[in-house]
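Chain lettering (A, B and C) follows the sequence in which the chains are written, and residue indices restart at 1 in each chain.
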């Protein structure tokens, strides 16, 4: 799947663009647009963070890309393949994995079963075993508890299961919706350092976060949304210092640092 | 000519009995969102209460009591209302689909009771000698039917205007507010349980009244009259007429009763006597088909919920409720 | 009647209820509606098997059982045809209505479908009771004070085998795990790459298939009548609710509990109030512990 996508890209000549969201208008109901012409781009191998105050449309952006919110206009492409109109359950097959913010594990199923389901559509048993070993290497805690129901885990451990489950699909692009939500500061640091390790596996990532500082520190670039539009985009370290971002995001005149 | 008129009166009388039940169900479902699938159970309570109160002594082992007609009518409504209250205490806090299962269970259980408590209901032999409204006053059969029909018109009219006034009153607005958004209504200090109970009891009492009139109309009761098919008929009438609309409830009742009667006559005329059971089955299949088609293609029924009643509900809920309190 | 015999009778009736309730609880769990037409799968299955048995039936039987090969083949055919019936019903009625997103409409439609199917059965097969075989099933004393027929024992054993197979299916196969995943969290299942539509199809196939086995066994040990399904719908719901909606183990436990309750109520309330006994137990569970024995907190 991913191979064919890359071939198309080569023809297009934009091989370095992994995900491109262009002028997208979308909303849950026909009457209300949440996204009002948003444009976001993620290059291959990048970590890009999307920031913004509550209600800016961050989660909606990610859900729209994941096929959960109908697109009214604009285009969404993953390595040159349009994702508009693709059913949510076919996204994994296209190389796009998504970790929702809440309820992102199958609570009644064991950790092992959660991970197996992540690779559900794959048929290479050997590759799956290999990936499973890789996940246990990345998250040793999960191996210890692989027979346990995921619902019995702590918040941080569930987040690991969710990320590992998404990675089991061998995605080319991984989207994380507020991976630090509800975690203690210590766990936030742990989660983001794991995310950095995941990048070493060659996965491009789009992250939506409230915790701007923690996310920007590990990101290459960032976007700041407000009212369903992209307002500012820049390199991550520049955004950290940008007073305009502070104003949009925190309502203050200072930068985030 | 007299034959046709006589038949029409007979037909409309039964149709209006259904209309009474349909109006009761509309208060429960159309206005309050109570999923009562035990209509035949409340109908049964009303019918047997009336029969027990009004039939001459010795009709069954423990009754009747030969009371006047009006006592029977009021008694059947009161008894059905009390039964609804008891059932409501046990079931009205349940989710809608659990309420459906619980009420169908009530109806099935009540039919078992009616079939087996022979001393009260006549059991399988049936309950004979249930009196007609004007008793000995009218001898002629045609006149008696005409009088019964007149009485039904009055009853349906009284219920219709009464319900219209109620659903447009502050009380009715609270009912619909609870149906649309229970937490919001509850947060404004309206006890959803209490309002649901009121709607459930009043609606059931009306269905009980329908049962009483049915007993009086037929003059004889058998537990076979209270199968789930009756519940199904009333539901179909309400959905096809347009739930939430009292005019729709009456229209649906007459219309579906007409379809039912017509298909019955056709089946009777076309099928040989050995096939009559199958004819009854075809009648039900045909009505079921109509219900399915309406659910799929015109879910709001012929008339739909009246806009003046429903439009204001989801939006500006708070304002309406405050005005209402 | 003494206690051990009542318990044995309860287990026989409870086994068929358990098989029937599994499909009901799965439909309720995954499609979120109470399918009143589920009982009709039992009715139709009994007649599907009967059609085959009466077309090819001989007098040959297995040992003390009242049936032979034709019945077994009939049972398998009934499972296949009932699964198809369930899929057709979903395709014609439930799937279009699911798009409207009003759960109650689905329940009303299922109520209508129940009556239609029951009367289609009356139309095609008549309203009188039928039987697979005229052979008399002999009840022997298998334990002190417990008399069971060979058919009863076959019924209980077949139910047990099917339960074990179902358990293996749900925990060992990819499809089984996907079904559990959809039951646990349908939205997450979708973004994990599971087609919920496909899972719904399998719910109908497995739920309808198990209901078919249940219906044929009821036909074997009691009778075949168009009223079978409707007279069982209340105990089936009771079993699903007592066990906890969505829990397959709950449906099995609930089925056995309701079977036992019905059987033990006979000396107390009389056989005519069996159904009411099941209903009262269900009501008590709804009021005291609405999530049932095995149900998840919601």
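In the analysis below, contacts are C-beta pairs under 8 Å (C-beta built on N, C-alpha and C of every residue); 3 or more make two chains touch, one makes a residue touch a chain.
Every value quoted in this text rests on a predicted model; they were computed, and no experiment measured them.
Peer 1: If you average the Cα atoms per chain, which one ends up farthest from chain C?
Peer 2: A
Peer 1: When you average C-alpha coordinates per chain, which one falls nearest the overall C-alpha average? Tell me, please.
Peer 2: C
Peer 1: What chain pair shows the greatest number of contacts?
Peer 2: The largest set of C-beta contacts joins the chains B-C.
Peer 1: Report, in whole Å, the distance between the mean C-alpha point of chain B and the mean C-alpha point of chain C.
Peer 2: 32
Peer 1: Centroid from C-alpha atoms only, then distance chain A to chain B, rounded to Å. What do you get?
Peer 2: 56
Peer 1: Rounded to the nearest whole Å, what is the centre-to-centre distance of chain A and chain C, using the mean of the C-alpha atoms as each centre?
Peer 2: 44
Peer 1: Would you mind listing the residues of chain A that make contact with two or more other chains?
Peer 2: If we look for residues of chain A contacting two or more partner chains, we find none.
Peer 1: Provide the residue numbers of chain C that touch chain B in the complex, in ascending order.
Peer 2: Result: residues 33-34, 36, 93, 96-97, 100, 102-105, 107-109, 111-113, 115-116, 119-120, 122-123, 126-127, 230, 233-234, 237, 241, 270, 272-273, 275-276, 279, 282-283, 286-287, 290 of chain C touch chain B.
Peer 1: Considering the complex alone, what residue numbers of chain B touch chain C?
Peer 2: Against chain C, the touching part of chain B is residues 35, 37, 90-91, 93-94, 96-98, 100-102, 104-106, 108-109, 112-113, 115-116, 228-229, 232, 235-236, 239, 277-278, 280-282, 284-285, 288-289, 291-292, 295-296, 299.
Peer 1: In their complex, what parts of chain C are in touch with chain A?
Peer 2: 174, 177-178, 180-181, 183-185, 187-196, 296
Peer 1: Note which residues of chain A are touching chain C in the complex, please.
Peer 2: 66, 68, 87-93, 98, 100, 103-109, 113, 116-118, 120-121, 165, 169
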